[in-house]
């Protein structure tokens, strides 16, 4: 199976994730979409690592997973804090800061 | 020596912060006086015969960037330094006699401004020059903004000042770029230096000169200000506190003209020759426009302001005649104009105190009980209109002669400015001092305080009127060297530019050889000469 | 055989992804993501990245998703209204997405790298095994490895800081400026640190 | 001591006087200023005489010396020294100026006695004399210009001496500005001279001029025309004369000194001084001559109808200067200068008399209201008649000889120059008429009320002074001549001055009688010997024929005046109603003021208004406000984009990436 | 199977070790009540130690831990800037509400963690390290921005930063993957040799990869059009954190920017230079005009930060040693200017009811000259007026740009500076030229910039040594290095020389 296929798939996933961020207003879903983008990155990393035949890409992918996890944790923490603060869970409502 | 000249004012200013309020002013005046003393001693030690710089200081300041801390005196700046010292003493004293709010800050800024201005005059490193040139703005920003007057139906002081700062920085920041470009292009991969003398020895290519020339010209023309670039002037002048305005208008405008002589002519000779006529046109426009505006203004300050525009136009024209006599006259005229405009604004302050207005239409008849004031004012007014017999006349005579020999048509246009100056200067004097006295205007004689400020300045005017040679004698050598350097690399044969670039349609160079001679010039066509009147 | 697997997984991954952004209810989005992740794991396997695939399943599907589920349950997966508050966003977002995809795809397809067209070189056995990866992590990538640990620690601290009870105790705008000690109060009367509370 | 030394002293003395008076205005007692002023001028006169004697001691050829104190402004090839040039011409002028000035100072000593601005007046007056001396003694063109401008300033200061009189200040301004125009002419001429000859020094210039300009006459013509611009402005020749009548706003001694005797004749001096150039530029010389002629006639016609006493005399001054200009331009140098001297005498005298009368009229200058002063002010009227006779060239008075000498020369030169003779005599006729118009209107007849009061009380009429022009009440505390104003009859000093001048006016002519003697000519001719025109000399016979015609015309004119104003006083009115157009035309002074107003003043002001109201607002400020607007709008855009929606931030971010990626894709090989 | 442990140069990694240890200690301090309030002290000690160790490593470039890191003068310089900034931030955080909210231990631990990330980032020369470091830098900041749980602004800024930041990271990651794929290596050196090969050079894969990574870095350094988070986050975050972010993040990100683009991507320079130049120009314009008329000082400084980033980017565009030096010099100077400004803002926030609104500094010149001067100097310096380090910095940048044949960008810097005067001097005017006599009396709290809770918590804050001290210190440094720039120039030159590939 050509590597190209994997990469194109990953870029498609990347685009989908990006589109999701642009379209959804619930912070939770936005976090999910970020996961999508990172995973797209992972996919291409692994695919490339297969292509060039060294495993650095795979290691990189692992690291990315951890990072993603951390971002999720922090993100969810913020969401909880916002929820506790009785603020709407809608990124469009959070626009005190502008101009 | 020159170091002490430069830093004395600032030192005094900083020490002044630790003195009680009422002493601040006097301390500052003392500082200005000491500076003047140093300046005088420098002038005394000045050797008019020697060529090149004197009293030089040259220290590697930022070797990493090729910037040196190098100062020096020569014929071009020695008298501008004197002018600065004199006017600052006058203005500081005048301010010290009056109650200032936040005196510490005020006088600190005054003296900082003096240091910056002196720096701009004595700097011999291109970048140091630019640095001081910009630094001058800072203190004046505070002085104008914080002690200025907000106008009833106009911008506040700080707004007007902001306008001025941005406007003037437009030029000087481009100048910064230009300066750096000059140095780097000249270095051509080698060790970068900003030393003006060095750069003058290896001028950059004509192509680069063209745009760099305008970057510098922008800075200088705005500073003067020249026609079309004077938009900041009216508001700023109306806002400024008068003692500050006296030095501002008296000295700072000259830095621009001085810059042309010190930087542009030596560094960008080819471009200078190429754009001579463009600049001359701007200069003429300034002369005519400034004069016309001056005699339609009703605000006393603006009469002074626009007359300065016209005067600076003359000075620029003199420099860009690209003849030694023109530039000699220009320098002389810089000093003269400084010496007349500063007292003028001080007098305006005095008049405003008596009449409670700065509107010409509401003044009048003040001469009666104030003969001394009237006399001083009259002298200043006559000097302003370049009365023959005043040094100003000699200045303009040299300028116009240079222009006449270089570009005869420009001379004919420029000289009409003199007629107009006669009108607006006398108008200023008459409308305030003569005619019927409106109600509620006090015709009071000036007190000894203002007397001791004004009298010396007027004395300087009279002294120079008797012996303008004092300046011409000392500037001539440096000027002719500068002019010569401006001529060197230009494409056309040497000296030809003295009569203006041969490209010019208005070229009158043919009509007479430039060297002083009385053989009948070949192919003289007098119809032109007469028709041009 | 490989192709079939690939396409199956690819469809799964893509479907999951689209599900994530299409579902109105966050809860379903989470579930959709889980599908996506599993399919990705399959793809990793196809790319002979066994360890990565395993990690994918364990870390993500195992840990992270659980966290998601809890949070969604906690805040209540309210449906998101279809109302779009930013003018043009509805229109532009898909365009941007498509543009991104097209550009990335072109970058890949137009690339002159021959290797892209292949299945990649033959690799020795054990490529992507835990042992190999572990060696790399401890030799060449020691620093990232250690760094991740620190990062995890910090993230944990962050989570505590953000989600700690202090916020709840003073939840709502009721208690202004809690935590700033008032004059006179002993300094340590300020709310205690959260880790201490947890311990 | 040498002549130059004496000249220097003569030059410095008035300046000294002026400065001393100016500085001591608080310290000095009331009359001291007058004394100092008069004394300094008197001494200057003595020095002038000394210089003359020195000069006469040398042989005629070597009677010219240059002397310089220091380098005034010498750099870059320009060589300007603070130097004077003493020769017969300058010494002659020196004598005339100091002499007449001394007398007028003496007159003012009494005349201004009651004036608040006594010190100021004498300080100015001395300064004027200094300037005038500088003008005549200057050794190079730059100093000449300096003196030229100084006299202009002095005249400004003295015209607007009563500076709360708006008419006075206005007139001063007018005079000054017009004179500056003249200065500009001189300056340009100087530049041109420098370019061609490389020097400003008289000696060098006149020496080199012939060879240099041998080939290009046009340049020298240009130079001369520029010089003439200056000369005409100063000497009130057409069309730059309009300031002179207004200048009568000044105190009468000023009118008599500056605007009759000395300053206004500077133009004549200039042409005489630079005759070396005019010889080379005949065209310019002729232009000068014809302008002089035109002025002569125009002024004379106007003088026939004006009703303001001083203005009438002013116009007569213009016309007399016209004679002099004609003289020096066509080559009758010594004649012109001779007329300059005699004119100084009788015209100064006339003004003094007029001043005395006006004082008696409590500053009313309208001759229609005057009459019968013959009985009221005997001395004044006697002197006035003396001056009038001289002006009307009554046989054997000074004016008789000097004027006719010019005309005789013109006829002797022949050709088109006969025009000058003919029209000159016509002018003479008019002169006689308007002169005696004044005399007959003022002196004989039943005394008007002011005259009556003077006869009765021996004091001038007390009245609240009003400005005759505007009718506003004068602001007397600036030193407007108060009621107890002096007339000659009451002040010895005035009488002395007038007596001396009257003598001069009547008998000064005898120094230069054709065939008998020619003191002036003999003295001056060496200066002009380089001019070929001096060769032309009218024969004694011709001169006497001319004198005879002149005498006839003069008497005829007086007769006509008698007919019109004494025998048949209703005639003038009838003439007026017969030729109303002519009368209004003359009465409005040929509409010169209006023309200048329309051609120069209004346009200038219009331009100013445009620049001020429109250009400054639209263009200059527009430059700034426009930029500010643009920047501000751009800022607005940035703000709008910064909407606070995190998703739109994301959108922009990704869009930015899309753009960047596009660029890279395109730039990829 | 055999396992070869990599050689560890403990001297080289000592700063990292120190920081890590510091984090742990500070965290522990939070656990035990008696030492709870020692967090700041411990943090300062850690930072001091780190700084000491960094200086120890000055002029001693070495590769560390199997080439994952490289400590050279550039790294040391940037790390020092980051550490100094952090120390300042710690001082400003004293008695800061956010710190109390988060708990002193956690708060400072997170800050140290971010510093660790910066140090790693400035030393990274491997994609993996690069990525993990940039995350270690960011994630604590996300938390710290949101750490003031009581202020909605704080939370909002935290979330915004997190979301946009994560997009940035994802983009960066994706770009890295492309570059890895194209070059087959994760080491910068390997990448350089990999993409320099025939056939690979100019390959769309690589170039798009560059584009993606550029976006990621541009985001971190707030280059337009990826800057939009900056004003919002700067305004919303607790001010000490803002001050920390404003300089340190930029510094670290620019460090890796330099390393990555001037080492790894050097072969493609002809492609990315123009792109970056255009980005710089856009940034300068957008930042400057955006800052016009902002009433919130923090927001204004945010925009100004954007503009400054544009100037600094010029140092990379110039692509010569001078450029890198200029970049380091400017960052160092920028640190001082910002510190002075932010210290004053913090003080006024606590003193007045106006929060960070410009009214908070009205007629400060009369009230608190000791605060007014630092702010004035900092504003003038940011505006690049002479006798301040700002002027020299601009001079340095312009010189580098002209040398690198990017004079037009230099002109842009000049133009931007002109515009910037309008808003910098506005602050100065408010301080010194406010309507006469009318001081900022505690009136109704402002709407814009300050929020309802922001009533004065410490009316004497302006006199506190831990606020006035840093302000004056930073201002003094700003002026000093404006007049005696040579030491700082030397420092920058050394850092600039670190990138050998440019010679």
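Residue numbering begins at 1 within each chain, and the chains themselves are lettered A, B, C, D and E in the order written.
The rule is simple: contacts are C-beta pairs under 8 Å (C-beta built on N, C-alpha and C of every residue); 3 or more make two chains touch, one makes a residue touch a chain.
Computed from a predicted structure; not experimentally measured.
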Innermost chain, taking as reference the mean of every protein Cα atom displayed: B
Selected pair, greater C-beta contact count between A-D and B-E: B-E
Chain located farthest away, centre of chain A as origin (C-alpha): D
Intercentroid distance (Cα basis), chain E paired with chain D, Å: 79
Chain C-chain D separation of Cα centroids, rounded to whole Å: 101
CA centroid of chain A to CA centroid of chain E, Å: 25
Length of the line joining the C-alpha centres of chain B and chain D, rounded to whole Å: 36
Contacts with 2+ other chains: residues of chain C: 85-86, 89, 92-93, 96, 100, 103-104, 106-108, 110, 116, 140-141, 144, 148, 151, 154-155, 158, 161-162, 167, 173
Sites on chain A at which at least two other chains make contact: 7, 14, 17-18, 21-23, 25, 47, 49, 51-52, 56, 59, 63, 67, 70, 74, 77-79, 81, 84-85, 91-92, 94-99
Set of all touching chain pairs, with the criterion as stated earlier: A-C, A-D, A-E, B-D, B-E, C-D, C-E, D-E
Residues of chain D that touch chain C when the two form their complex: 643, 645, 647-648, 651, 654-655, 657-658, 661-662, 665, 668
Interface residues, chain D side, partner chain A - complex: 639, 642-647, 650-651, 654
Interfacial residue positions of chain C with respect to chain E in the complex: 103-104, 106-108, 110-113, 116, 131, 135, 138-144, 147-148, 150-151, 153-155, 157-158, 160-162, 166-167, 170, 173, 175-181, 187-188, 190-196, 199
Chain B - residues contacting chain E, complex: 61-65, 67, 102, 105, 127, 131-132, 134-135, 137-138, 141-142, 145-146, 156-158, 162, 165-166, 169-170, 173-174, 176-177, 180-181, 184, 192
For the chain E and chain A complex, residues of the former touching the latter: 127-128, 131-132, 135, 139, 142-143, 146, 149-150, 152-153, 155-160, 162-163, 166-167, 169-171, 173-174, 176-178, 180-181, 184-186, 231-233, 235-236, 294, 299, 451
